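Every chain is named by a letter (A, B, C, D, E and F) in the order it is written, and numbering of its residues begins at 1.
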């Protein structure tokens, strides 16, 4: 394993839980709802209880945000503004990564991003994590979102602004696309 | 035979009885103890069977004692002496301990055995003094002013025979072993009455009489006496240190204290002997006080096993006070009476300095003996009265019973005597009581200024209290003891019972071996002799099985045999 | 100021009470006795029995075991006595605030007279703290 | 008249001198340990402070015994001190006051023991029992050592012992020296100082017998110990140096003797760890008794 | 016969920390012992789960003030063990220096306290006087007397200034002769021999059975030292000796500790002299899921940390095993048949401290002071005033 | 013995008990074993191979509880971690403490902090928690919640 190089897998668990979920169920997030005025703060109950007050959803939202909404600036203000060098723009992966062990939750990045991509809530001091509820039964989070942003889907989901992130997550989000800019 | 004698004696009292100031004093003490024994028994012996017999025995004992004290002939004394041994046996049998019969038998054998020696001694004296004057001469042999010099072998044997009878009665080494057992197994008033008081009075009285009136001591004999005395002091007190039973421990002290008296008589000088006699009286006082107090403890708790006692001061503060005073007395703490007489003894020992440097040894033994006595009494005080209450004593404390009059009266009187005799020691007219006996002016090199010392101590107390008053005594607050933040209530096991206080000492190199031997009773004449005699089989088992009648048979047979042999 | 109080301030005997500390504060207290700091200069002595104590030096974050015992122990000190909370732990439970085993802060258990913050406070700070306490008690009378 | 001596010397002077001695001890200790040590008046202040504090009585303990124990102790010391002072200045002791002194010297230990037992605290009991064991341990050599001057002076009268040293102190003879050594070690134990602080062993049994005492009770005990700290060396000086000689150059000698004894005690206490109780008993009954016996034999031989 | 129980503790001058031992005794002889822990339990393990990896270092440091290096050291090694990573040589050297400095101060502290327990206060004072010097060195190097806060996962937090090195070296050199004197004073004292030799003997087999650690086991002839067995830090860079003795009694434990100080000084000096250049901190960006263990030789034996991570920035499980946890039970084996007086010194010989044994304190993160000293004093004043009024004003 | 020999010996002897084997690095080795065989394997490692017992760490990984027994072989610097999984509802395992003293305390600790029952433990009392700590509340369980409503989470002062 390459040292200190964070990969997607590393961040979100090398425990491959997909096999254990029957039927290839995937979690579906409507990020537009999450980011709309409807929802001020994520209130889902996450069943991942290794950590107190863990809200795995936030880590998923963060992930999706960086992957889909972030403009992938050439000269990223956020990265430059981070006092702890916790943000990194991964060149070939075309995504932003926040190294949780370094971030001190100062939220400079939130202020620095000219597009308001980085919501203050998604850079918590104590990192959250979602393991897709591995084999603990159904997703606990889905019924607890009052705004209906979450659901579980099977198979391939088609539609505008719907993206698959990895093999467990599907996101609906108004994607910013460099090619369309 | 003895019957005739008594009749004779009654017919003609003057021929057989005479009184001296000393014997009067002894008699007075005996009377006091008799009264106390009766009073105390009223409550303590309640509910036992055959009580009327018990009181009759007490009375008979008392009368016999008086008889011994005032008798002037050997044979009368011998008869009463034997009678007393019998009474002791009978009285011990009132105890209801497991070991009672065995202890009663043991004391009977030892005392009876030495009675035989006494008889032998008397016969020897009779032969030395008056040749063959027939049985009636024997019967009327008086023991005043004989002044037999301890030169020949016969004389020495005679002295030793008489002395051993005195030793056995008083409980000095090596005839002491019946005492601790008896103390444990006999009813308490009996112990307080007989072994602790009357037997002491008689034994030492008799020893003093024979030493002064009958024989003329040689320095060698004196040294032997002093050595025996010192040995008794040390050995008994060392044994006492490690006892686990309240009464047995007291019993060993009864032995150890005799050592002082023997030591005092052994000094051979008036001060020493007067000291010994004075100590004898003092001893009876605090000793019976201790036994009576101990008996009260046993009555209330139902046990005398030290490890089961503790913290009783809450239940019986007055008994504790009496016990404390008596303990301080027996340990010779000034200004109590024990110190007054011990102080005289020390003087006597130092005056005996003529006999080479050995006096240092006796002095050290006596003084160290006091320290050890103090030690073992501190152990008792802690284990019985202070310290953490045990389960049993917890119950006793909760019962809130009060010690009755019958207990407190003797204790109070005895405690007052302890203090009084100590503080006013120099006021006591020794000369009147002791001089006639000790044959010579009690020539004190100095008088125990108990007044001065007492005054100093009292002023010290006053100053101490003043300091308290300067402080904030009034604001005293009762809180939990500090055991590192835990509470004793939650940890009832945190109880130092004190039984094992001196285990450390017991485990010291040489002592360890000695103690182990002592535990195996290697030093117990009774057991050793028993084992020895067991070789001869029948006689011993016959004797040992001894019911009273067999003992009698044996005693009389011996007497007869002796008479025949000798006459 | 009464003579009593004066004497108390000139010879405060301290008893050290650790209620779940990390040792550091305790060690530094002992350090105060040693040659460099030598609090005996001020008449202070470290005593072994709480019944001899005038000043309680409390360290640590009062865990559940200690809480009850603290109350008992505080009862056992002869009054007048002063309580000094040494270290952040005793002052506020510091880092251990949310521990399941440290339910209540010290001053909710027994009254505290002075707080000496630090983790651990330097011996100098402790001495200064106690001296301040003495001044305060002395001055306020 | 006696009362005047008693109050002036027995108590006041002894107390003051004792407190000063204890200050010397603490100060020397501190210096040995590279510390500054307490200020001069510290022992006095300690006592005053303790007097001002609350008296605590352990629950379930024997209240009377608990409170009276310190008083008994201090009265014993006062009595001894008075006796010594009286002998020192007025040659007015009585015959056999040597014995009385030795006996009275047992009273402080006795009071500590009683107090400890009355505290209803297991640790106090333990401490008191150790004190008791220590007493029986050191009593033997102490008596023997104290006998040496008696043998030399052929008297058990302290004033005679003092007088007979006018020509030359007993400490000058071989037996005297040996006895003095033994006696100093016994005094060490009597004062319960390291290496014989077994009964109080703060780090084992938390102050032992005194654990439950607070306020005035503790003050009296401390005062008692401090007074003993003066009285015992004083006794030794009487026995082996012919008492305090307060005339001319002898004053200097007397002071030197006194400070010397105190210094030896302090140095011993600072250069040794505490021994175990069985070791202590063995030490006193073994080598110490032997030396003392040798001293006694020598004394009997007139050496 | 009813058993007699003597309490040692919980608040006992023998121990800076509360711990409750009950000795069952006969006379003065100990026949059994029981221990009641929990007076120091702060739930550190749980706290640790609420803090980030980096913050946990501080909580770990507060497991114990004496091992305020060992625990962070073991902990950082555990974190570094979760995924393969190497820290720079310079930081290894610095870590070693701090760890050995701590060993000296800890052993001196032990020596002093042992002397104190024996009533030998002079040794106590002397040892602690010497300890002050070593604390000075530590203050020069790290900025604090204890609780150095030098460690962080991936390296060290602070560098050692070049100009401090000669000063420290000189100080260490100046300590050694005094240390030597102290060694002689302690090891040649006949009374100490009488007190310590043959007391509290632990046999080889017992040491193995109890899995005893550090000086406690090395005194019984068990040659265990993590620094040798499983080298870490800079220990394999130089020559040094592991001290092992055979008798297993208290005296041997003292000997080992005293001699170890000289070794530690040697190591320290070597490291200071040969401090390599380089980075002091390999930044850890993320901690992947997994688990790691770290064990190092603390003054009292092996300190063992186990950290399980799930990919967030805080541990799922953090288990601390301090040397005393394994050593303390040996007390049970060594104490029977000894006297109460020996019990305390035997206990001391293990060099026990319980804050680590009861670690499990919890990390909550913000070690911030809410008030400054002035505030506190002001507050306390008003509080005292209130109390005084409540108590009736006097 | 070299590392290979130890491994070979160990695995061949306990073939049936070993579920999985993970060679993490050259100093670390994880061995998943069946819970019922822990006593045999543990004592074998301790007594026959001469491994030193480091410690056991238990973790609540709902729905299971994992215990890792760490043994170190000092000669070859190999740390072997035996891993067992217990049922989270009713965690029970044979006690090793009855065989080896060193396990005594840690098992007591695990049982009070995580509620694991060690069958046959010689001295199953509490080790760390206070007397008034309620039964059945295990602070290191993931679902631990504050039970004591008198506790105060303010800063104090």
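Simple rule for what comes next: a contact is a pair of C-beta atoms (placed from the backbone, for glycine too) under 8 Å apart; a residue touches a chain by one contact, two chains touch by 3 or more.
Keep in mind that this is a model prediction, so the values were computed, not measured.
When chain centres are set by their Cα atoms, the one at the greatest distance from chain B is A. If you compare B-D with A-E, the chain pair joined by more contacting C-beta pairs is B-D. Spacing of chain C relative to chain F, judged by their CA centroids, is 39 angstrom. Chain centres here are Cα averages; for chain E and chain F they lie 24 Å apart.
If you average the Cα atoms of chain D and of chain F, the two centres end up 59 Å apart. With centres defined as mean CA coordinates, chain D is found 35 Å away from chain C.
Multi-chain contact residues of chain F (touching two or more other chains) are listed as 129-130, 139, 144, 155, 157. In chain D, the residues touching two or more other chains are 33-35, 51-56, 122-123, 126, 202-203, 206, 211-212, 215, 277-278. For chain B, residues touching at least two other chains, in rising order: 477, 479-480, 482-486, 494-496, 501-502, 504, 507. Residues of chain E touching chain F in their complex: 37-38, 41, 43, 45-46, 81, 84, 208-211, 224, 229-230, 291, 293, 295, 302, 304, 306, 308, 316-317, 319, 321, 325-326, 328-329, 333, 358, 360, 370-371, 376, 379.
Residues 49-51, 69, 72-73, 75-76, 78 of chain C are the ones touching chain B in the complex.
By the touch rule above, chain C contacts chain F in their complex via residues 63-65, 68, 91-93, 97-98, 100-101, 103-108, 115.
Taken in their complex, chain E has these residues touching chain A: 49-54, 83-85, 153, 282-289, 310-314, 316.
Within the complex, the chain C residues that touch chain D are 2-5, 7-8, 10-11, 34-35, 38, 40-41, 43, 47-49, 51-52, 54, 76, 78-80.
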